[in-house]
Each structure stands twice: as structure tokens, then as C-alpha cells.
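Shared between the two complexes below is chain A, which has chain B as its partner in the first and chain C in the second.
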Partner chain A sequence: MKTVIAILFFIICGPCMSQPNKNIAASKMVKIDGGSFKTFYVSKTDKPIIVKPFLMDEHAVTNVEFLEFVKANPEWSKSKVKRLFADSNYLEHWKTDFDIGESNKNIYNSPVVNVSWFAARAYCAWKNKRLPAIAEWEIAGNAPPKNTAYTSITNYIMQWYEKPSLPVLPNVKSTYCNTYGLYDMHGLIWEWTFDFNSFISTGDSRNTTNDDNNLFCAGASINVTNREDYAAFLRYGFRGSLRGDYCVSSLGFRCVKNIPITNKL
Partner chain B sequence: MKKYVKMILAASLLYGCTNGNIAAVDNRANIDNSAKPAVVKNNSAANGQSIFAVSDTFQTQNKRNLLLSSLSGKPTVIGMIFTRCGAACPKITADMKNIGEKLNANREKVNFVLVSFDTERDNAGQLQMFANEMGLDKDWLLLHGSEEAVRTLSVLLNVQYEKDAEGNFSHSNVISVLDKNGVLAFQKEGLDPDQKEMTGKIEELLK
Partner chain C sequence: MKRNRIIAFMALAFTVSMLAASCKNSNSTAADDKVTGQEIAELAYAPMVPKPITRTHATNVIVNLNVVEKIMKLSDSTEYMFWTFGGAVPGNFIRVREGDEVEINLYNLPQNKLSHSIDLHAVNGPGGGAEASNVAPGHTSTFHFKALNPGLFVYHCATAPVPMHIANGMYGLIYVQPKEGLPAVDREYYLMQGEFYTKQSFGFKGFQEFDEEKGINERPDYVVFNGSVNANAGKNALPAKVGETVRLFVGNGGPNLVSSFHVIGEIFDKVYLEGGETTTTNIQTTLIPAGGAAIAEFKINIPGVYNIVDHSIFRTFNKGCLAQIKATGGRDTLIFRKN
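Here is the complex of A and B:
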């Protein structure tokens, strides 16, 4: 049965697989259609946010890719990085400043994790790219899998959330490919967004906000537009718990960029 | 039923996380305080913790370009606002004014800075108008900058904000105090009429 699924996956996801493995560091980008986006927690009267089309890395930035960046920008090496920009867990799984480590060979092409928001932004800027906004990431991530084994993205995500993390982080492109051609939007790591510190709720929201009625923490999800989407609860909650210098072993990133004007149809 | 349980779990997780977040801010403040003598002694950019390391350029209400590092040498009281804000922002500003008044003669030894979330509408002219409305004297710095610059500062100051479709902002209300080296020394979240704690911390930094 597993083989059948694997074959099905291969056939259905064929176009996504066209990049051979050796090109995995080429960081291909795919076009994401824009559209209107409504956060799951907003009240019905809130207007949706309009998102313009953009390009997004087809997979998360890998350890090998990040190493290139660190070599070119030594101020982002483990020993040189400013504590303001990355906590002490920064790249803690790497052997040294410029060496991922021979024993870590199996994660060379796995998403780089233990990177702060500042480091992720610096990487994207170095590539003439940027971090995606939450709205962009959510639009991209909500596209259904090409793999028909999963009929519901929410079911798939919840299965992942329920699983304990693996001792060795799998390589990029090891989970599913969605209809945009993006890999591993869920199922491998959490990803940084530019505006991760967007105002959702704070622990003491009762006395600090001007929007109490729209908040799910104090308001017990009264205004949640899609009550099914508890996966999004977790994602937004995780983002809300982060700070820019945090380096977490399940958190990486991928970059986006605006569509160059000459390429517009 | 199972779904409900999960939602409650998720909600409680969120609650726990955000609480943890605030606790972390407090921890850092404590660490920074205890590390202060060493910082002053070797002046080594405050062990890499100084917010002045940010290289973004802001513009003042007088159309002067400003790097945050130019605030060094004095403690800085800093808040983030937008001038078209209904209720909370004038309150933050008023709280900061109060802090200034309570400092009395020490007032001029402290920078007072407001930074706008509204990168589109709050230009220098608008900020100057807001300063006049709020009765802020020329010693106040009202800053605007690029979206990147403002987001970066908000991340460094643990201020959450989000722009809505109408161009207004939902945001947390935080007043931060930086020491003279640009290290976050103290933060107060929420609108609090009593700034005794805040002024106490500032006076400690002036010692």
C-alpha cells in the first residue's frame, strides 16, 4: 500500500520532482497568485488584506545554503553574531562557525533551524529576497497538497503536529508538494515570517489592547471565521510566542521576492 | 468533542506562550541591570545587546535623518504609536510626558522618543502637528522610517503591531527604557497611570 502511495505521489507530483537532487541548492522559486486573505480570527466586519502575486522559494533554506551565507557574511557566524540578533542557541547543531560537521552529513540538505528572525532576514536580503509576510505565507501554505493521499490540508497538518519530532530532521522536499509547487509548507518545520510579531493577542490583553473583542484568548474564539482551523490556532500561537532573537530547533525559513516588473504578464 | 478539546488546548497553549513571552522580557531586563557595571566599564557595545547596532535611518519631525546610535550617552524612553490612533496612543504619549515631569531636573538627561507604525501617513509634517497637539516640546524626537526599519525596531522592543485594511494599526502598548548604551533596561506593557516604577528605573540608570 505504501508503495502505491509513493508511486501515486511521484506521478501526481511529477512536475515538482523535475529538479534533480544535485540542484537542490539552486533555490528555485515558484509564483504564488495573490488574492485576498482573511486571518482566521478576525471578525466578519474586517476587510480582507489584499496580497499581490509574488515568488517564493520552493523549499526552505537548507544548512548548506545557509553555510554559504555565513561564509560570505562572517558577522553571522556562531561566534561573531551579536546577542541582540540571535540567542545562544543560534546554529547550535553546527560543529563550528563554518562547518556543519561531518557527522551532520544527513542534514546538509535539511532545513536550517536554530536561526533567528534577524539572521533569516539577513540571509534573504543577501539573496535580494525578503521574508514573507504572514498573509503571503498563509496563502502559499493553504494550497492543497498535490498528493491525493491527503484530502484535507488540516488533517495532514494535525497529523504532523501530533507526531513527536524526529531525531534527525529530514531533508527538504521530503514531505508533500502543494499545487503551487511548494514543498514542505507543513510537516517539516515552522517558518519565520517578516511580521511574525503582528498583533494578535498578548497574555495581558485585557488591559493593553484596543481590540479586545476580536481576540480569541480572552474571547474564547467567538470571532473565529473557521472554527475547524485549529491548526492555524497553533501556528499563530507559535508565532505570537516568538521573539526576534529566538533560535528554535523546529523553526527555519524560506524567502520570497516581488515579481520583477519585466516578468509581469 | 475531540475538536473542542483540541481548540481549548490550543487556546491555552497560546495563553501560556504569550505569558512566557512577557516573562522573558522581564528576565532580560534583570540580566541587563546586573550586567550594567561591566558594560559601563568596557563600553564594548554592551555585549552585543545594544539596539544601537541597528543601521536603519529614521527621520525626525524636523526632517533630520537620525540613526538610533545618536541617542547614545543618555537613557532613552521610547514608545511606538501612530498619530491617527484613537485612544491608546495619546495615552502612551501622555504617560511618557508624565514620566518626563516626574523626572524634574533629570528630564533633560533623558531622551524621549516616539516612533510611528504608520510608514505611509506619518511623515515629518504630520509628526510635528501631533507634537504640537500633544504639547511635546522640541526635546522630543518623533520618528518615522521605512516599513523594514519600523518592523525591526518593533521586534527589538517586543512591540506587536498589525496594519488593518483601513491603514490603522492594532498594537500592544509598551513603553521601553534603554540605557545610555542602547540596551533594553526596562519595559512596561499596558497603560498604567502610575509611572513610579518607570521613573525609579530611569533614575537608577542616571546614577
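Here is the complex of A and C:
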């Protein structure tokens, strides 16, 4: 009960209540505490990953933000991009190379999707940032919502998977905010991670190793710490289906960066 | 005398070699078949089955399957977010011939949210194709297998969490027709049982979400044939005529329940047990395990409605597990009459 009251308190007083839509492109970053991270899916010999504190974009990169990047780096425009780095779905929802399109006005501030891992990585580098590691993303994403009612984070996430995609992708900051102050970590889009498919194969991603079948069939239940975390299964299964050049209509990204030593955040 | 022995020895050697040759012939594996040509598999939606394969050689068969996540009716008043092969539950019926080389192209529609895969029980090889076929939305995965074993097999999605993918409707049947084919019948139908776990109980009006806890506890709210309550009952009953022989290709997607498959008012003249080679006759109820199948045949003698049920009968009475055959034609009062 105390928790409920605490959550309510946050709903009323939390900083997430203010949604500065006008400054949405400012891409504020928030500090994420590091810690020891163990995926829900590990072998008994796996040691926890130590994650240092880092900064993370409070929301996913938007179409408008990505357009700035493309304008500054025309090699990442729809017509110029190398097929090796982005498949034919790359930015397919944009009107032209440097125009999202007047009819797409309502998605200017929605997460950019249909972007490959290579493009996302290039964007982050351009911003002097980088893509989050799975461990970083999971630590950040596992923080509970603070401005929405929920029974468990898993249940909250599952509701997204159980509904069809909306015809128009909502803007960033349109779902929940978590206790770090991060928006839409679940329930709006999937997000790229730097090492998105590293969990599924230690060698390469062409099924040459024996450890890559653990997410399929009954193998999935062998080493799992929480068999009931279906949302995590879906997330890891999704990441495992990706390749670096893939562009998917529900897949975007946000950037992170290391905390500078002089910075007293 | 010595010469006779030599002749006898030679005769023996000849006989042995002949026997060996004939043994080899009768045991010839599908791998020995020469594969010629190529064709695109004709896929069918339940309750229909693709027509029998008449060619007498193995070929390259291309199977193009789409993965579709969509809201459909679970009953007249209930909707559910189904994950499907081909946009329907059960998924497309695939029919190939023993010895065929099959190419599976699995296309995950761009508007889908999740990655999916396919594990066909007709495949010899780890995962049944699951790892090879895991595919992101907007993309296609391709893998090949040789249909070595004839029989009726279940296929299903095998991406984690597997129980949820199956519980949401991701299963179907593939029939690997034996080289010699099956005896001709008048009608072939496709039925597949599966159960659904919803937040609210049976009969709730409106949209329903998957309930993980009920799935884990194996307590479904809906048990249905062909993806929804009354999918093939009432006005959608399967038509047949008196005097016809009906062959049912029946699968059980589960994910949990084992089916006591029964047709009320009929005796199965022949059942291909668990979808394999062994046939048995005069069967009332045949057991179909989750992830298993059976082929049941019977001749219809009397007109009327035949209820197809899971004879674990609460499932029929309270959870929707009913399909029907509606037979028309003349009445044979020697076989059945009411006084």
C-alpha cells in the first residue's frame, strides 16, 4: 500500500508531469545508475556484468532529429545510403531524402523507425554519443513506471504486444515515464542496442555455435532465471531476429554516453 | 561331387545377392529419389485441404508462408489478438509428397511487432527449422528440408516464449503424402484443435488479452476447432452427402491439452494413428496429443448433423470445442431409425 501511495505521489508531483512538447528536440539526457546486471537468460557459469553509471537520452531519437543528421550527412539519405548498411526499408516512411513529408506532420516528433543499426550507430557518433549495450538498456528499461498505473512491468509491456500497431506512431513522451525519468522504454517502439545479437551467439550470427538455440523450442527454459518473464523473452527473441542492415517499422533507438569524469551529475 | 558343391555355392551366392538387391529396393529411402522440376505449393485454409498430389516423382516445392498478427473473432462476441501463419488459425495446410525438397519462405509482415519462426515436425534437423527461420518484421527467412518421413505433422512458431506464440494461434498442419498416395475419398477436411487463455472467462464480450498465468496453470477459457467458437458449426458446418467417405486431417496445436477426438454418431472406419503409417479400424475416440495429429475416415450412412467434439466433454459443453458435419441424402432405415 505504501508503494501505491508513493507511486501516486510521484504521479502528482513527479517531473514527468511536465511535458515540454515545444522543446522536444532538445534531447535531454538523464543519469542511469550502474550496477551489476544479470540477464534473465544466463548460464550458471555466467558472471554478472558490471555496468558503470551512464547518461541516456530521455526519449527515443525523433524523425525531426534524425532529419538534421541526414542533412548534415547526406551519405545517410534514402537514395545515397549503401545497401550493405541499410536494407530497402530504410526511412521508407519519409517522402524524400531530406523531407519527412507534409502529410507526415504528426510523426515529426515520433521516434524515427525504419533505421538500421549502422545508421543508428552513425547518428549517435555524430552526437558524440553511442548506442547502449544490452546490459545498459535493460538496467534502464527495467525501472518501474512512475506516472502510470500498472500491476507489474511485465504486464504493462505485454499489453503493448497484445495490441496491433497503431496506424500512426505516437510522439515520444506519449507513454509512461520511469523512475529514472526515461520515457517510453516499453510500449512505443523497439530500440537498437549496440550488441543486439551478442546474446544469441558467441561466434557469429550464422548459427555456427551450440549456444544459439537456447531461445527456441524447449531449449528456452534451460538456463532462464525467470521463466515467467515473457516480455523479456519477446524482447530478446526480437533482438535475435535482427541483422545490422535491417530496418523495421517498429524499431528505433536512443543514445547514451559515458559520464565525463569532471561532470558532477 | 565337388563340382556340384561349386554350383550349389554359386546358386546360393546368386540368391543372396538377389535378396539383397530386392531388400534394397523395398527399403529405398526418399534420398534415393531423383528430384525434378519445381512448383509453388498450393496452400489451403481450414476447413479445406489442398487436393491430393498426383505426380509420381519428387520435386522442389516452394512454400510461401506469411506471418500475420491481427485481431479476429474468438467467438461471436469476443475478439482476440491472434498471431498466425497466413492470417488464420489454424495456419495454412501444406501438402507435399514424400521425397520432395521443400523450401520454406517465412515472411513476417512489416506491421507485425514481433519476431517469429517455424518448427515443422516434418523436418529432420535440430529445431525443425526454428533457428533457421527466426525472422524480424518486414523480412523473410528461408530454409530447406527434405520430406523424408510421410505422415501428418504439426508445425508451429518456436520463438521464445514458445507457449505464448502457440497459445496465440501459431500452428498448422503439413501433410507429407506417402509416395503411393492415399486411397481416394469423397471429401477431405482440415480441423485443428487449440485452446486459448484469456483474462476474462468464456463468453466475455469485447477484446480479450492473453493470460499468462492461466496458460502456466493449464486452465484455458476456450477450447476450439479451427480458431474460434463455431468456426465450423451451425451455418459453417462441413457439408457431406450420405454414402460419401469423409477423411479428416486433424491436428492439435495445444499448447497444453490432449484431445479425445470423437465424432458423435459415427465410428471411424479407419484411423491413421497419430498421423503415421499404422492404421486401425472401428475406432470410437482417438487420442491426439498436443503437437500431434491423426487422420480419421468414415462413411456417412444416415443424413443429419454430426457433432465433432473433444470427448473430454466439458471442453465442448462449456469452452466451445465443437465442429459439425451436415450430411444430406436418403435415409437407410436398416442402419438407423426412430420408432
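As a working rule, the second predicted complex is superposed on the first by the 224 of 265 C-alpha atoms of A that agree within 3 Å, B and C clash if a C-alpha of one lies under 4 Å from a C-alpha of the other, contacts with A are read in each partner's own complex, and residues count from 1 in each chain.
Just so it is clear, a contact is a pair of C-beta atoms (placed from the backbone, for glycine too) under 8 Å apart; a residue touches a chain by one contact, two chains touch by 3 or more.
Computed from a prediction, not measured in an experiment: that's the story for all the values here.
Participant: Where does A:P48 make contact in the superposed view: on chain B (first), on chain C (second), on both, or on neither?
Facilitator: Touch partner of A:P48: chain B, not chain C.
Participant: Regarding the shared-chain residue A:F238, is it in contact with chain B (first), chain C (second), both, or neither?
Facilitator: both
Participant: On the A-aligned overlay, A:P144 touches which partner chain: chain B = first, chain C = second, or both, or neither?
Facilitator: neither
Participant: Of the two partner chains, chain B (first) and chain C (second), which one does A:L84 touch, if any: first, second, both, or neither?
Facilitator: After superposing on A, A:L84 lies in contact with chain B but is clear of chain C.
Participant: Would you sort A:S250 into first (chain B), second (chain C), both or neither based on which partner it touches?
Facilitator: second
Participant: So in the superposed three-chain picture, is A:P164 touching just chain B, just chain C, both, or none of them (first/second/both/neither)?
Facilitator: second
Participant: Scan A:G34 for contacts with chain B and chain C and give back first, second, both or neither.
Facilitator: neither
Participant: Comparing chain B against chain C, which has contacts with more of the residues in chain A?
Facilitator: After superposing on chain A, more of chain A is contacted by B.
Participant: Going by the contact definition given at the top, which residues of chain A touch chain B in one complex and chain C in the other?
Facilitator: Overlap of chain B and chain C footprints on chain A: residues 158, 207, 216-217, 220, 228, 230, 233-234, 236-238, 240-243.
Participant: In the complex, go through chain A and note every residue touching chain C.
Facilitator: Answer in residue numbers: 87, 89, 158-165, 190, 207, 212-213, 215-218, 220, 228, 230, 233-234, 236-238, 240-243, 246-251.
Participant: Spell out the part of chain C that touches chain A in their complex, as residue ranges.
Facilitator: Per the stated touch rule, the residues are 69-71, 81, 110-115, 117, 119, 126-128, 130-132, 134-139, 158-162, 164, 209-210, 212, 216.
Participant: Which of the residues in chain B end up touching chain A in this complex?
Facilitator: 3, 6-7, 10-11, 13-15, 17-22, 24, 47-51, 53, 85-88, 151-152, 154-156, 158-162, 164-166, 169-173, 189-191
Participant: Quick check: in the complex, which residue numbers of chain A touch chain B?
Facilitator: 46-50, 81-85, 117-118, 158, 194-195, 197-204, 207-211, 216-217, 220-221, 227-228, 230, 233-234, 236-238, 240-244
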